[in-house]
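Okay, got some structures for you below.
Paired with chain B in one complex and with chain C in the other, chain A is shared by the two complexes that follow.
Showing the complex of A and B:
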């Protein structure tokens, strides 16, 4: 791992939303790397800053929000300093974003084929003729069909002439993934791509992501609130709470030996097949409002094991084991 | 590095059912529109009136061999008869022929005026709604300014500045309608811009121009069309009014307003001149409005259901 250059490295990212009275810090000092071909999970509750982190990478935080501090390096280039025009070149070509709700992410007035075709023709990549490399030259229409076949759609020639309302959520999500893959991006940011899908379709889509990582070699930043999804797909995981990283490390390490009380709580509150429980564990309280964040550790008011120091000072990031970091006073 | 079609289908075996599912073929939109018109009585009547008016102005001039402008004082102020279906005016010109030519000119002006206004208004509305900020403020204040005048006052004012004549009437109609279209388009743009597929296109790195014209515009077409059909009917009245006041089309060119203005002097002696012209305007407007309602029902079924309730 250490030999490889990270594809994307986010350094001390701080994204704020300005209101008339105050400044809300949605993402506070997030720090992580993604290596080529890796799937990194970003897990957290609603409002913990997952989506804001994802959009910050693409420089898509719009007024009144902005990236206040930090640096985002993609293949050594700082994304935050690029012009809108340069950024547009990167979006969809080198970094693709997949949205949460597939049913609203496609234009209702155009056929699916038109939309993929449109993206492909706009995002033709020099030297890399789309998804399939090699000497074979495909027309755009053929490539559209191949892309759809690659995301597991069995009759692409029929599907391309359909409108989004003709298709189910799972099919639409496949189409969106196909659109994202159109230019073989180096990084795919998937923002809760399976949240609105049923369990069976979810499993298929997750399998598809794994397959894509193996075949296309794209790195994936997987944003979700479902720890089960993380367990199935990711190589490494970041636990986010109220805009701060609580814990990060290898997936097996974090799931089997969670260190932060918040991670422990999350794991205990998700049902498991092998155990029988009358009642699921519940983390007491709720996510603090960004208007009144606790002074010390963000999680301290809800923490069972909180020490006096927790309410006073922010805990540092500590490497407890190799590549397993936690931000908690218990491990200082 | 490449994915194989075979590989993916074996992995995704559970999707086998999707191959068999047949999607019903969508009927052609024109056929759907016709069905909608056919189902609603008022739209059908409107459609028939509009078709009738178009046939009349296209072929009506072949019925009689009269010139719309050539005077024949010997035949002046004849009441309707088989020789002159709508009678003759004070100059002995056949009123029927003049109405046909007049309607052609009036409709041409209102059509092209509205079309031009729609084109300009759509572009302004897209820019204004999409970018917001200073551009939006500037464009919308200008349109507020134009809105502040009643449309006739604005049109009159323009005619006085620009001078009379067919093309200036067209500009006046256009200018009255540009703010209406741009307001409409701005609202639609703001609404559609908030949709996730627009955001998805931004994250895919689409250019602003492509997003505006290929993603947002197709979703805003229906209200624009409805506004356009209603606008054409009103523009006919606007043109007739301007010409009636002597500010629009200049005699001897016939337009509906000119015929009315000519006829008003002889209202007592020859009521058919004003009567027939007025009837033509009324019937035509009725047709356009009824058809416009039908088209709106077709393009916006949700709204139609609410209205019927």
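Showing the complex of A and C:
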């Protein structure tokens, strides 16, 4: 793994939102790499900065927010220095973004077929060959149908003439995934793609993501707050809390030997099917507001094992085992 | 009808149909009105003191069923016995005050279930004055008691909902429901909108309250892991029908209905050794219309074991164990 060049490197990324009085730091110095064909999970609660990280990669943070510090390297190119025009070339073609809510991510006044068609034709104009475009004889309409069939839609010829309101959440999510695949992107950023879906549909979509990785070879950045989803799909995982990385490492390693008290707490507070518990472990307290972040470790006010030093200084990132990092004073 | 004193609530052949709104000309020319069969012939009983889990996907009718029990939705036909008295008999309006004293409901979204212009004190005060006819001097005292019971600081009573976090709001909603001193509490997805580290707190609060106050609870959820942790008995609902019901451990150990099996199969697991997503068989789900649903099993389209008569013949319940029944043709 270490020999390979990372597809995307995020270095000390800091994204801030300016208000009249202060500056809110939504993402504070996060650092990670994604390798080709890898599925990286980004897990965190609301306000942890997981969506903001995803949006920052594509330079989609709009005023009053901005990327204040850091570097984002995609295939060796720094994305933050690109012009808006160059960025548009990358968005959707080399890096695709799947937004959280499928019901609001599509245009309600156009048919689904039109919308996919539109994207494909824009890509063809720009000379980027799309997924499934090996055979020149395929018309755009046929390619649209092939894409829909690839994401598991049973009757694509019917679906293309429907409007978004005719379709269920699971179907819309598949259509968004099909749109993201239209250009066989190198990286797909999927922001909570299954949060609004039922378990059976969720299982289908997760399987689809794994299949994509195997057939198209795209790397996937999977943003979610569901540990189960991460456990099922990802190769590596990053645990975010209040804009900071708490722990990152190989998925099996993190699930079996979690180091950070926050990760341990999250894992213990989720009920498991194979065991019976009278009471769930609970992390005390509330999520911190970005306006009043603790001075030291962000998690220290809620931590059961906090040391005096935790409230004072930020813990460094320590590699406890190979590729298993934790930011906690307990391991210094 | 012999009344079982063990049961706080008994439901017999409950049907809730919603009329489909048609164009005015459709009303004139089309003689037959169309209905969505949201809850279609559901019968079950809830034992006093237990937690009854109702699980199902979106659109299965579980929320409608919960709302019907509090008479917020008027059923089309059927019987609901509350403490042995049929609350659908005669003038339903006359039953309402009695039902609301005994049954209270907690909703999914704590952000929309509190009036933004009322303080916590006002919100909790209403049921105290309306339902319990508490004397003026005692109201404040009771509010403080209720807030402390649900783990909130007494000073919270002067706050408005926007000043509270999601978890705190849900605690206020619970305090408000408890103000009426109900015997039966219906919680409709009470934690699905809450953050990961807050979910366990609220789930544990329910456990404590149940012990302290001897409540009977109905827990409506789509998160099966949570439902298993909380419930003594679980009923599985699909498109308006109950498919299977058993004690929660039994249901997870020995699911019999093909739908229950599919549903349990789809739960993301935290156990990395069982990373199921890759080698999971294709779970197919085919939607059916609830406007003219089939006479027989609602799952026949997606069922791998479906036979010819599954679609047409109404399904009967078969007991396959103590307090474990299934509605599937394979067992009749």
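For this structure, a couple of remarks:
We adopt the following convention: the second predicted complex is superposed on the first by the 323 of 332 C-alpha atoms of A that agree within 3 Å, B and C clash if a C-alpha of one lies under 4 Å from a C-alpha of the other, contacts with A are read in each partner's own complex, and residues count from 1 in each chain.
Everything below uses one rule, namely that a contact is a pair of C-beta atoms (placed from the backbone, for glycine too) under 8 Å apart; a residue touches a chain by one contact, two chains touch by 3 or more.
Treat the numbers as computed from the prediction; the structure is a model and nothing was measured.
When both complexes are overlaid on chain A, the residue A:266 reaches chain C alone and has no touch with chain B. In the superposed model, A:90 lies in contact with chain B only, and not with chain C.
Legend: residue contacts after superposition of the two complexes on their common chain; A:276 is shown touching chain C, with no touch to chain B. In the superposed model, A:204 lies in contact with both chain B and chain C. Of the two partner chains placed by the overlay, only chain C lies in contact with A:225; chain B stays clear of it.
When the shared chain is aligned, chain C comes close enough to touch A:46, but chain B does not. Taken together, the two structures place residues 200, 204, 207 of chain A in contact with chain B in one case and with chain C in the other. Interface of chain A with chain B (complex): residues 58, 60, 87-93, 96-97, 99, 101, 104-110, 118-119, 122-123, 131-134, 146, 149-155, 158, 162, 166, 171, 176, 179-180, 200, 204, 207-208, 211-212, 215-217. Of all the residues in chain B, the ones that touch chain A in their complex are 1-3, 5, 8-9, 11-12, 14-16, 18-19, 23, 195-197, 199-207, 210, 214-215, 218-219.
Residues 45-46, 168-169, 198-204, 206-207, 210, 225-229, 231-233, 251-252, 255-256, 265-267, 269-274, 276-284, 286-287, 302 of chain A are the ones touching chain C in the complex. Within the complex formed with chain A, the chain C residues making contact are 57-58, 165, 167-168, 195-201, 203-204, 207, 222, 224-226, 228-229, 249, 252, 262-263, 265-272, 275-278, 280, 282-283, 285, 287.
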